[in-house]
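Here's the structure we're looking at; comments come further down.
Each chain carries a letter (A, B, C, D, E, F, G and H) given by its place in the written order, and its residues are counted from 1.
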Amino acid sequence: MTQVAVVMGSTSDWPAMQQTTLLLEKLGITYEKHVISAHRMPEQLQTFGQAAQKNGLQVIIAGAGGAAHLPGMIAANTLVPVIGVPMQSHALNGMDSLLSIVQMPAGIPVATVAIGDAGAKNAGILAAQIIALHHEEVREKLVVFRKEQTQKSIVSEAELI
Amino acid sequence: MTQVAVVMGSTSDWPAMQQTTLLLEKLGITYEKHVISAHRMPEQLQTFGQAAQKNGLQVIIAGAGGAAHLPGMIAANTLVPVIGVPMQSHALNGMDSLLSIVQMPAGIPVATVAIGDAGAKNAGILAAQIIALHHEEVREKLVVFRKEQTQKSIVSEAELI
Amino acid sequence: MTQVAVVMGSTSDWPAMQQTTLLLEKLGITYEKHVISAHRMPEQLQTFGQAAQKNGLQVIIAGAGGAAHLPGMIAANTLVPVIGVPMQSHALNGMDSLLSIVQMPAGIPVATVAIGDAGAKNAGILAAQIIALHHEEVREKLVVFRKEQTQKSIVSEAELI
Amino acid sequence: MTQVAVVMGSTSDWPAMQQTTLLLEKLGITYEKHVISAHRMPEQLQTFGQAAQKNGLQVIIAGAGGAAHLPGMIAANTLVPVIGVPMQSHALNGMDSLLSIVQMPAGIPVATVAIGDAGAKNAGILAAQIIALHHEEVREKLVVFRKEQTQKSIVSEAELI
Amino acid sequence: MTQVAVVMGSTSDWPAMQQTTLLLEKLGITYEKHVISAHRMPEQLQTFGQAAQKNGLQVIIAGAGGAAHLPGMIAANTLVPVIGVPMQSHALNGMDSLLSIVQMPAGIPVATVAIGDAGAKNAGILAAQIIALHHEEVREKLVVFRKEQTQKSIVSEAELI
Amino acid sequence: MTQVAVVMGSTSDWPAMQQTTLLLEKLGITYEKHVISAHRMPEQLQTFGQAAQKNGLQVIIAGAGGAAHLPGMIAANTLVPVIGVPMQSHALNGMDSLLSIVQMPAGIPVATVAIGDAGAKNAGILAAQIIALHHEEVREKLVVFRKEQTQKSIVSEAELI
Amino acid sequence: MTQVAVVMGSTSDWPAMQQTTLLLEKLGITYEKHVISAHRMPEQLQTFGQAAQKNGLQVIIAGAGGAAHLPGMIAANTLVPVIGVPMQSHALNGMDSLLSIVQMPAGIPVATVAIGDAGAKNAGILAAQIIALHHEEVREKLVVFRKEQTQKSIVSEAELI
Amino acid sequence: MTQVAVVMGSTSDWPAMQQTTLLLEKLGITYEKHVISAHRMPEQLQTFGQAAQKNGLQVIIAGAGGAAHLPGMIAANTLVPVIGVPMQSHALNGMDSLLSIVQMPAGIPVATVAIGDAGAKNAGILAAQIIALHHEEVREKLVVFRKEQTQKSIVSEAELI
């Protein structure tokens, strides 16, 4: 059983969402990836959401842009934690995506991360942090990952010339 | 068969959406009204959307606030035209509702009107204009309604004292 | 008699509004297209609006940018439903266009769609959905169109590599 | 012949636009006032705009809110300078009014002032400054007005206790 | 060992953050609550963050407003998942809080929820969903909670009169 | 004596402000042009403003970007009408320029036009409309200009292919 | 010689700016306070700015709202560091004040603090931090002030009931 | 002992922050430069902040983007004045950086300058103005710098052709 599902509304979201999968791989987490358009595939969305728990998913990461309904509607159909990644949209730079994802009404939460690539990467890390609560191996990989990125920041100072 | 369904995400949207129903009544249009929370009642939403056409609905008016997914998700489940009314939300004054409703991706349109009461009223009028295309009686009521509101504006000038 | 008029404020709006006409063609809807600048051609705007109904138009689609008055002013002159398409403006990315179109006061509705190309496409689809209420052939084309776009989304998952 | 016309979209704009008329009176300028809703009275708007010059108007001040089309549409119908006053709207605090008025496309200018009361007052003063170019008496009143307001600011320092 | 820590920058955040604790109680989750001002208590913040894991915390919920650094800075000091709740700030209605929390750079994620009360409630539910992944009892409470809130929405339709 | 002064905060504003001078030339208006940085040349600004009237200027057009203080500070130093043109700034696309210019407090008006090139052009036209109130030749040029631009819009329809 | 001048555009800014003076008093700093409207008193502004240094001022704190030109224009007239406090304006909640103050072009800096009361308080503290660089007594008062506010935050946790 | 520390969250901020160091050099101020990521190096941030005063720093300039916590968190750890420079972020053009830096709660001020290069330059100048309060040589360099930039603006008028 895969641990995480990475879902996106369109293949045009893949360049960003691939940042998520690269981090999941780095942190030793198994994942599956899907295109599920909330608006073009509402039935598949519902089927996917309702089956998420019995399919053993521990985290669902959903990226979407504009009037981004995918993360919230998946969340409405499952108790598995959903992380929403707002895509950087064409006209409004992702402000529409962000508000459509984060401003969920009380009752159905979506764990929202930053707009675009930074958020896509953090979605992978956040999923790992959740899984690491009961998965020593992932936790250790996270410890190493954090140390490495701290070290990389420290030594980068030498580049300021 | 009712002509229009007025749907809202929560009873807290009723004070605004009642403006819609008052106008529908004034314009001689039959309607039904429902609370369907996109996030708390996703299955009911789907059932409602999929049955809309065979139930004879000609227009669906959906009001929602915040990360407002209701209009777009109904539209994803039917070919009946959907009018979206952005509620004036608590923190962001309805800017979140507006963007969540209007910024639909290509493929599934939502006919969006103004934030709050003005939009709720206009949703009723827009529904009437659509129905009037093939309904002489509604068209005549609209002609009268327009004339009256023009007249009211004209005579209101006398109040400027 | 054509079913839909596609109107724009300037030829610079044509690349976006052409998305509308392509969809109207695909969905079997007859249309005419016009440049009517609300500010440079106010008399023509009024003449056009006032004649819309007797010319048999069932939907008017109006695209405009910046202080976008075209959709609202056409709507003020006719009972034919007007769909407004906010152009992606130079400085403010279409936020000015969007607010100028969608925030209509109570009394005169404009059915607003998304900023730019997505909205232009959806304007064509929404017009088709309105016409389809009394036009079986268009309705069938819409059913096929929806199925195809759902299918396209489903198979696009294979591109995630 | 009156020198200035003060026009507003609705009587609800009167509390703000009355600030304009009070300043016009103070600066010795004759004015007339009208309710002309761009959307409910498009024909009257056109008639008013087209007759403005031969009626001897030297400045037109137009206040409107939301999708505020009144100032721009009057400007499209006359060569008389038009000052636009964005009303503080209900949901978006006048940001919609401001953008709908100020973001006019090249060709038809509207002289836009601040949102709400400050703008309404300044519209009156700006009209006076334009008229004063060829009206010595108004110019002298403006000189006094400016001196008084400077003096008032200077002495107000004593209130800081 | 408590499962969740609810942290806020100031006691003025308590009316919102109490919504979080009420939901945690309802869902059978143990929690502790703290005031840790990121700016007034930076050392305590660091100590708290660094000890979070060995103190057995499974989720940290942090509410803060304005230039809201608390959630991100806690996240920088621990691998325990951090949920950020943007307070509705005085001047900018929480838009500053939201951006300060959600726009984290790649490397350190914060799971952001909606501005204000809705977000505070959802933070509690999201924490429960994370804990429920390995806690059958909490999962069952969540199932009941969801069913109840769905049921409440369904029956609320009767209030539309 | 020149009729209009075109002032800008920096030579980097020249590409936009040149649009103003081209229109002034087309409309037969004499003008002078200056670089006066409000922040780098505050004394020159004051000297310029205070001398404007006795130098016979009938309109001052001031373009500035970012925290754009030039138009408002010139207006504070003269009774000659000031038109402000918000430059399209680097980071915030001119929203900062617009608000810095248009949101003047009661007492000192600035006639604000659109952000960037459209506004720069309209500043020239608006100046001409003000001058035309007492200058028949300019008025006639404006009539021709308007007719030409209307005609250009009308014939542009043929380009929609 | 007073160490700090607290300047505001209008007495209506006093409730906020009084927060500044209260903190200056608490931190043992001498100050004078003035109303100088940038737009109504441009000459006084210039005189004040040009004399600031020889009057021995070490910091100038300027509060203003809307198109807030006061801080930037004082800064243009002196080398004394200027701290700008954006007032919470009526229509736009201080976003206009903030951008008008902070977005200064290269060459003339204004040290900008938060909108409203929080910023007014911080302006006083920041002035104290600057003075404390060469004033041991103020430095000691700041140390005590910081400790007290930290302590106050720590003990406030007991109020969460 | 260096007078100023220039700190940035990442080497990607260097192109902007180098503008700061160039101005510090021009104004004869010694400086050191560091990469300290608030989120990846929270311990180093704290160590740096707490040692700032005893290391003799008189001003700290901190540049950061997105959820920009660096300036505020350094300020929380020292009494040395901190100048914050908001980087022009990818998605939101620096509006997120600006609000994250400027909207500090009462108690811990950050002297915020403009977004991007203009702000980076002004940070260097502002630091010099603070140091110049007790450093005659720097003051004289500032006087020359100001004169030169005024002169440059004056002569630039000749380029308007």
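Keep in mind that, in the parts below, a contact is a pair of C-beta atoms (placed from the backbone, for glycine too) under 8 Å apart; a residue touches a chain by one contact, two chains touch by 3 or more.
If you're wondering where the values come from, they're calculated on a predicted model, not measured in any experiment.
Contacts with chain B and chain G are shared by D, E.
When the CA atoms of chain D are superposed on those of chain G, the rotation angle is 90 degrees to the nearest 5. Separating the centre of chain B from that of chain H, both taken as means of CA atoms, is a distance of 51 Å.
For the pair chain G and chain H, the distance between C-alpha centroids works out to 18 Å.
The distance from the centre of chain D to the centre of chain H, each centre being the mean of the chain's C-alpha atoms, comes to 43 Å.
Residues of chain B in contact with at least two other chains: 10, 37, 40, 66-67, 91-93, 95, 102-105, 107-108, 110, 114-115, 117-118, 146, 149. Interface note: chains touch in the pairs A-B, A-C, A-E, A-H, B-C, B-D, B-E, C-D, C-F, D-F, D-G, E-G, E-H, F-G, F-H, G-H.
Those residues of chain F lying in contact with chain H across their complex are 10-11, 14, 33-37, 40-41, 44, 66-67, 90-93. Against chain E, the residues of chain G that register as touching in their complex are 88, 93-95, 114-118, 146, 149-150, 152-154, 156-157, 159-160. On the chain D side of its complex with chain F, the touching residues are 58, 79-81, 83, 98, 102-115, 117-118, 121-123, 125-126, 129-130, 132-134, 139, 142-143, 146, 149.
On the chain C side of its complex with chain D, the touching residues are 9-10, 37-40, 42-43, 46, 49, 65-69, 72-73, 75-77, 89, 91-92, 95-96, 99-105, 107-108, 110.
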